[in-house]
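This is the structure I want to talk about, given as structure tokens.
Lettered A, B and C in written order, each chain numbered from 1.
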Amino acid sequence: MGATRTPQYPELADTPALVTNLLDQVDQLLTSQNIEQPLVIGVHTGGAWLAKVVASHLQVPFGELDITFYRDDFSKNGLHPIVRPSSLPFNINDRHLLLVDDVLMSGRTVRAAMNELFDFGRPASIKLITLCSVNQRELPIQADACALTLDLAPGQYLQLQGPEVLQLSIIEHANHE
Amino acid sequence: MKIMIRGARLLDPNQALDRVADVLIKDGVIDTIGDLSNTSIDTQVDIQVDAKGMILSPSFVDLNTCLRDLNQIQKGTIASETHAAASAGFTHLCPSPDTQPCSDSSSVISLIKSKVEGAGFCDILPVAALTKGLKGAALSNMESLSGAGCMGFSNAGYDISDNTVLLRCYEYAATFGLKVLVQAQDEKLGSGHMHAGPTATRMGLDGIPVIAETLSISRHLELMQHTGVEGHFNQLSSAKGVALIRQAKAQGIKVTADAGIAHLCFTDAKIEGYCSQYHVQPPLREELDRKALVAGIKDGTIDAICSAHQPHESAAKCAPFAATASGMAVYDMLVPLMQILVDAGELTWMHAIQALSTNSASIAKHKASSLAVGNSANLTLIDPNHHWILNEVTKISQGTNQALASQTLKARVKLTIKQGLISYAL
Amino acid sequence: MSSSSNLQLTKDGELRHFLTPEGLDRLMLERILDTADSFVVVGNQEIKKVPLLRGRTVVNLFFENSTRTRSTFELAAKRLSADVLTLDIKTSATSKGESLLDTLQNLRAMHSDMFVVRHSDSGAAHFIAEQVTPNVAIINAGDGRHAHPTQAMLDMLTIRRHKGHFEPLSVAIVGDISHSRVARDQIHALKILGCKDIRLVGPNTLMPQGIENMGVSTHNNMDSGISGTDVIIMLRLQTERMASAFLPSAGEYFRLYGLTTARLAQAKPDAIVMHPGPINRGIEIESAVADGPQSMILNQVGYGIALRMAVMSMAMSGQMQQRQAQANQTSSLSGEKKA
């Protein structure tokens, strides 16, 4: 389980620059799509930190989503030991949503998050915002805004640390999905 | 038939005998006791046992047991259960009258007797029903049943709540000098499933309070004293119960008592986890009660130890606790349980033999066997150092309700001799 | 201490049955409450349903009538997307000579994943868990007078959501302690969660022997019993207690132990009042209190569904992990054979 950082991706070191880049992309996306006053929703845990940054940049409300109850690996891995309540302090019906996650990898988290969102209501649209995309998609899901795209070696995973200072780093798990 | 038992430790409380010697049994009687190592009879004996380190004592008499059979062959047969009794060192049994049908007539008694004789493992001194159908209303034909060989009368686990009936039962029994045996537990207070105490409270099981026993003992003692009937209490369970018997004996009331081996060894803590194998009646109580029962054996307040053997089929114990049948199949565990008490320093084998043999025989009005030359050879040979595992293969009782099943036990009966013949050999 | 605790956990210490809080540790009870908190949110969603137990079969086995408990378990299972089968067995099948064990074996053959069991015998859920382990999760929905863990835990959820921490709280449990399966589990749960002052209030006829051994104090007087408490839990009084000589009359009981507005003033001003329901107005509790601002009785019902969803998903999760471990073991064994 020992996590080791690898120096081979120097872009990761300057995470604040990636965040700035992402916020620029979000601004462009909203302008080009004519979206005003979106609601920002972050996926626990890293996505929620990032969502807070995005929401304060846009000066719009934000909510948090815990997707534990919507995961597709319950039969395999059981219930995640730590479950936090989802908190959407607004009505999402007919609103434009920015769904924020720190890292987009297989796409399964986003699938679960969208399913959960539809149990809260019927949004007008959902845009996917992610800091970093790893080329290991298992579902047909792509980000609408993304600061960095990476290829990782087997056993390597990206992780966002926070919440005060956001820092992306690579961790290696010998034995993980 | 000649049997030679060499080098055993002979224990006989009757004559305060405790010494190592050889014993020769010939034609049903004890022929010689002493150092026979130089005698050249080896060639002439049929069976010779090297019994170094073993204990040879007068055989055991069981004051309370259930042999099932008749309409309960799914639980055990007379053949299987008397065999199991012989394997626990017993030669004489006083089966409880709560058979199905119950032992309230000479015909049932003689049927049971003939089956026991046919099996050949033990002799019986039956206890007959005190009231017809054990219903607590009409007297059984006590005098005739006594004539049919019954040693005493009991209403088994069925309390006679009507004092008028109980008084007449005792007056009638006293008229003919018959013995009554009592399982003292008030019916209504005894309607629970385990000892009333913290464990029952925590587990949410209906409790049987100690007063269910003490109220009943007091009532029976009053009536025994009033009628002069000879009384015996089966299966005491509580410290307060022991105290009442001690007090009655001090007052000169003609009364004796026994305790089941399970009550000397276990407490209600064993029921933790709803273990139905420890569901017994009367219930296992607390450590202070268990200690008082052991002390009662030691000081003679409790005269005898009985097996309270009650074999069941596995389904009878496979249900939520309250829905399971009470009772434990004890025979396969009796000697190892006794050994546990001996190893713990709570009792000696001399106490055990006094309670299992000498005293129980005299309560059963059976001439106590004695380890003396010229006496009929009713003997039990125990190997206290034999380690074995109690399981499907080693158990002899048909009952599956052995609380210690699949455990490694210490001590086992090596040989049981009834009237000079081997009724059980390991 | 209790063998139930071994039975309830997988080798890795995950919940796989929920029979009683007794023997579980504080961390586990807190995890149950945390998970339940998340399910409270699900209950506020427009679609009050999550796909967690999709394709799993939950069988509600009710050997004893209880419309309330049964319906909350049914709703909880449905909100988890499980397939739910409810069997009102009462005693009909068993009185026809079918033993509990036979009933269970039949149900197991239907490949159920979870049994929610209500039975009038103490230890019934424990017995069933022993018999059907390893492949079916058992949730105890009340066994005799022994345990009713989901009710006790929903009470803990209610207390935690309104009072925060358990350590400083004084909790009074009032009424028929003797016959209450809820009271025992409440005591266990409160103790495990750190509550130090637990008072039982009632007459001696309703106070079971040796209950003090569970680390509680007993009080015959209602006023002193609830004096200064933060939480008052009223227990339901069955009317048959009067017929069986435990109590003289409902009137006398209410006069001595009924919770009235005047009595409630003895407790802390912000004390909360709870009751597992259904309430007997004018016997245990005055209507003004039951419907008053300090009453949590209706909140409890809502939390009950969330709590049951939490326990069901956690126990199912434990079973899943256990099955996965078994499957891994089997495949590694067969792998060894090949090699």
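Things worth noting here:
Just so it is clear, contacts are C-beta pairs under 8 Å (C-beta built on N, C-alpha and C of every residue); 3 or more make two chains touch, one makes a residue touch a chain.
Note that this is a predicted model, so its numbers are computed, not measured.
Farthest from subunit B in terms of Cα centroid separation is A.
When the C-beta pairs in contact are tallied for B-C and for A-C, the bigger tally goes to B-C. Subunit A and subunit B have centres, each the mean of its CA atoms, that are 75 Å apart. Computed from the mean C-alpha positions, the centre of subunit B lies at a distance of 44 Å from the centre of subunit C.
Once the centre of each chain is set as its mean CA position, subunit A and subunit C turn out to be 38 Å apart.
Not a single residue position of subunit A touches two or more of the other chains. Interface residues of subunit A, counted against subunit C in their complex, comprise 66, 68-70, 74-79, 81-87, 93, 115-116, 118-121. Touching subunit C in their complex are the following residues of subunit B: 196-205, 207, 209, 272-274, 315, 318-323.
Within the complex, the subunit C residues that touch subunit A are 14, 31, 34-35, 37-42, 45-53, 313-314, 316-318, 320-321, 324. Contact residues of subunit C toward subunit B in the complex are 1-4, 7, 22, 99-101, 119, 121-124, 126-127, 131, 143-147, 181, 184, 208-211, 213-214.
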